[in-house]
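Each of the next two complexes has chain A plus one other chain: chain B in the first, chain C in the second.
So, the complex of A and B:
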């Protein structure tokens, strides 16, 4: 009896520690946050003392022009960054998918920007954008041009933040699409070569369509991550000048620590979470659909 | 590898490659150079190629650990040294805990058929997407008012374990699936219990996966700022928190701050060079199949 019952209990025993930690330190806080978003709550109060205000936090948010601007900045940032990085990353992968010496060294160097702390990335770029000691303005001045207000003008600051993010994350897309390219069936590419396809035709009609499933997953992963960017922007501009680079996660941080409106910050976190869940869910469904399609193709092949 | 031949390429192609490498590591190189300069050299308008490299900025940052007293320092500021110790402890302990309970959970999810497995996998994937910013408010509230562990290293470690677990479980699953089940069955025939099978048979076989997972986990704990900032007090601050705190001062000491930034960047850079293959595997797992 004891052996049978240990066997039945084993999976639960193995899962228990992880399950407990996730339940207490991840799942419970998220439920707590959803509840807190209906409260008027400041950091010096215990949650039980806070007043229940229903949907007022949400109404207040949507009536708040600063929040709407921050939401706009977040969406603009995600759209611009992901588009630029997809084009650059996939383009570089197509260009560098060759049999050359030192490719692994190259890949190692390219993942460096992703591995070092976002705080440090922000620090490096803030230094390079510095109006007097930064390398960009120094170079511009030595060529006889005027310096550019990289971080002190709204539009320039947005562009600067985008550039830093592109520097940090293009390699991610490059590495994923290179891996996808190198796992493509060689026969299709050989066949197109024999049929006389030029390099461009190969890319447009053979390689890109075959890579598409990976590219879509990469795009979704990167999109989800672009909503999480925080430290780099915090160090570079802290959301300024004005609200020009204040993306949603920065606004949550400020609402909680500066304005001391925990209820409102929770409501914002909730909205951000909903956006991310929708994206994750899309990815999940897409993966399932791809698996189903692959299984169907395999069946058809076996029958034939 | 010696028999492999390489295609000859256009010289323009190599020029492009060199440009890309310069762009990728240029900023990091610039940070290293700046951290070796005196402020006089940083502020000077002249060309930045000629200067006397000095370790003075590192001495300032690490004065706590030095056996001698750097002569340029009037008073040693222990903030950074303490933060470095905190970061190391928090990073190592949270990585160890995450890996132990994460591998066990991943193993259970892959090998045992039991009720609710699909639901668990689905939730793991969902939880993976939760950004630290979303956890800021509730974690602050709960840690302060209910668990009473704000301001301690333990509190920060707990958040990092929770934050990393879903990713670790998810990535280790893909490695555990590849372990041949016959091996485990053979061990069980010889009388090994489920825990023995797991620790003596499965664990040694998924070492590459564990390496990848531990690098990713340590990196998150080492680099994270937002939650550490909300949960730490003077004595449990981590390096990212001290860096951001010293940035808000009006007059930034670029030399010292770049030296601290460099110290924060060194462990991930070492990991990258030692284990780039595992890191790339970890990154591509899930997105690219086959």
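So, the complex of A and C:
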């Protein structure tokens, strides 16, 4: 082998171990899942014994009202939590982007929920929502109000899981927004003050537009994550009452473990994967477009 | 347009005092330049006037209004920043019209005003461009335009030319000077460049460590600097400083030092009587030397040809001296030349207080 071709090979050689791990840990399970979605497969069978049924699992899904409801719950959940979290997170960041005493402690406190394991978050909230001994109902009762059926009424249960998710994930948007805010050109903000902008006008006309690229990426990241949420809801409501909080990942879990339909569960997983892939690609394309724009502007600048 | 007065202005950052008891008056329509080395408090002073920096003590009076506790927008001023501070997401027209739009000026008026100003600044072709698509000089002009579209009473400039290359800087300096003649408004300009200060200012305020060293017209600062710092800061090449002793020789006051004796004019006799026999610092500008017989003999160590003028580096005793001469005859390094100094080109400073004598 010539030196030139050895040199060309070198980078691939170094990348090979990582590539192997990736192939084994990522591509193999995905291919396995795609293959499984074409099978009528029961957990008691080995995969080779399962019958090949083509696209039947997929057709069955679209005809299944429970799946459609679950998909609806997932979309509703994602839309609600991401909207609420964006408003709260960005709002908090705008509020706390100032240098007053104790602000660094406050900032650290705000991001604590994000560091707690989801199972623990689920358990914590379940106890707080407990109809008799939970802190919410106890407090309400001590004030003379009736208790709220936090987890036993469909609408309340949905609101309850939304609140728990918002509690845990608003900090994520908060820290990214705060970082974006603090990297904004200070002089542009000062210029807007001189130009006569009030605090609100600075936010609307200067800060938010300049933060927008970060906000869009943050939103997409949160959206992807909210489609995959499982543990908190599993612990809090296990999808109930009825199907009111049964998001897709929970439905997949139940289809596989409770209904013992591995093929159908795989088909559902694939659909979820496609949705997430679309979101991921949107983010990817958005980033590419941003980079291309930056590169174009740099070129213009160099020519000038 | 009102006059501006700073009264007992003070600024602390925590326990650190950067400006103490600053007093300054700027007449109506005057172009005032704050100049000094970095860290002298000139930018802080400007930012306090703008309202971007809080005031620890004292008052900022614009006319008969104390604005020191008001928001920037209530002070009726426009400002040009060192890094231009354009809004990156708005095009040139939007950048320039931002203040007018906030003031809810009517749309067609805004458009006329922006077009007018853009035309005077040669920006008409770029109104649709974003700042990132402009060159440094164009951005600079947009920043100027943004200040100009507003009919503000006071214009503040925070080192607006320091990010430009030398050629563009000269060009923009001239444009600024023309602009300030055209619109007679209060202008306060911060720079560390004494050439900019001299060419632009009606009044120059030299600052050091948060204190005003001297305030006056460019001629005053150049002709009669109040202290050694101002003498050394204003003028290029910088003034030569020598140690000397004053003595009375047959009724003439002489400044004697290492290898020289310069007679001082009779007009200063009265003021210098008290310092006879004492050490003083003597300052002579490079342009204060004239070539001619009967003067000080000095060897040429280095000759810097600038064009019409050359700066010679020479030696008087053990001290290096810069001398500015017309570049007529070729100058050879190593040759000895004779220079006379007129007594009224000599500045004298107290070695302790550094104040001019």
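Basically, the second predicted complex is superposed on the first by the 292 of 304 C-alpha atoms of A that agree within 3 Å, B and C clash if a C-alpha of one lies under 4 Å from a C-alpha of the other, contacts with A are read in each partner's own complex, and residues count from 1 in each chain.
Definition applied: contacts are C-beta pairs under 8 Å (C-beta built on N, C-alpha and C of every residue); 3 or more make two chains touch, one makes a residue touch a chain.
No experiment lies behind these values; they were computed from the predicted model shown.
In this overlay on chain A, chain B fits alongside chain C without clashing.
Aligning the two complexes via chain A yields an angle of 90° at the C-alpha centre of chain A, spanning the centres of chain B and chain C, rounded to a multiple of 10.
Contact comparison for chain A: of chain B and chain C, B touches the greater number of residues.
Once chain A of one complex is fitted onto chain A of the other, the partner contacts of A:11 are limited to chain B, with no touch recorded for chain C. Of the two partner chains, neither chain B nor chain C is touched by A:236. Using the contact criterion defined above for the overlaid structures, shared-chain residue A:218 touches chain B, although it does not reach chain C.
Contacts of A:115 after superposition: chain B is touched, whereas chain C is not reached.
In the superposition on chain A, contact is made by A:201 with chain C only, not with chain B.
Once chain A of one complex is fitted onto chain A of the other, the partner contacts of A:192 are limited to chain C, with no touch recorded for chain B. When the two complexes are overlaid on their common chain A, residue A:99 makes contact with chain B while staying clear of chain C.
In the superposition on chain A, A:47 contacts chain B only, with no contact to chain C.
Between chain B and chain C, the shortest distance over C-alpha atoms in the superposed arrangement works out to 5 Å. Partner chain A is touched in their complex by these residues of chain B: 5-7, 9, 16-17, 20-21, 23-25, 27-28, 30-31, 34, 42-43, 45, 48, 100-102, 104-105, 107-109, 111-112, 114, 120, 122, 125-142, 145, 158-159, 161-163, 165-166, 169, 193-194, 198, 219, 222-223, 225-226, 230, 240, 243-244, 247, 254, 257-258, 261, 264-265, 268-269, 271-273, 276-277, 279-280, 283-284, 286-288, 290. Residue ranges of chain C in contact with chain A, taken from their complex: 50-52, 71-73, 77-79, 81-89, 98-99, 102-103, 130, 132-135, 138, 146, 150. Put simply, chain A touches chain C in their complex at residues 185, 187-188, 190-198, 201, 205-206, 209-210, 212, 297, 300-301, 304.
The part of chain A that touches chain B in the complex is made up of residues 6-7, 10-12, 14-15, 17-19, 21-22, 24-30, 32-33, 36, 41, 43, 46-47, 92, 95-96, 98-101, 104, 106-113, 115-121, 123-125, 127-128, 132-133, 135, 138, 167, 171-172, 175-176, 179-180, 183, 214, 217-218, 221, 224, 227-228, 230-231, 234-235, 248-249, 252-253, 256-257, 262, 265-266, 269-270, 272-273, 276-277, 279-281, 284.
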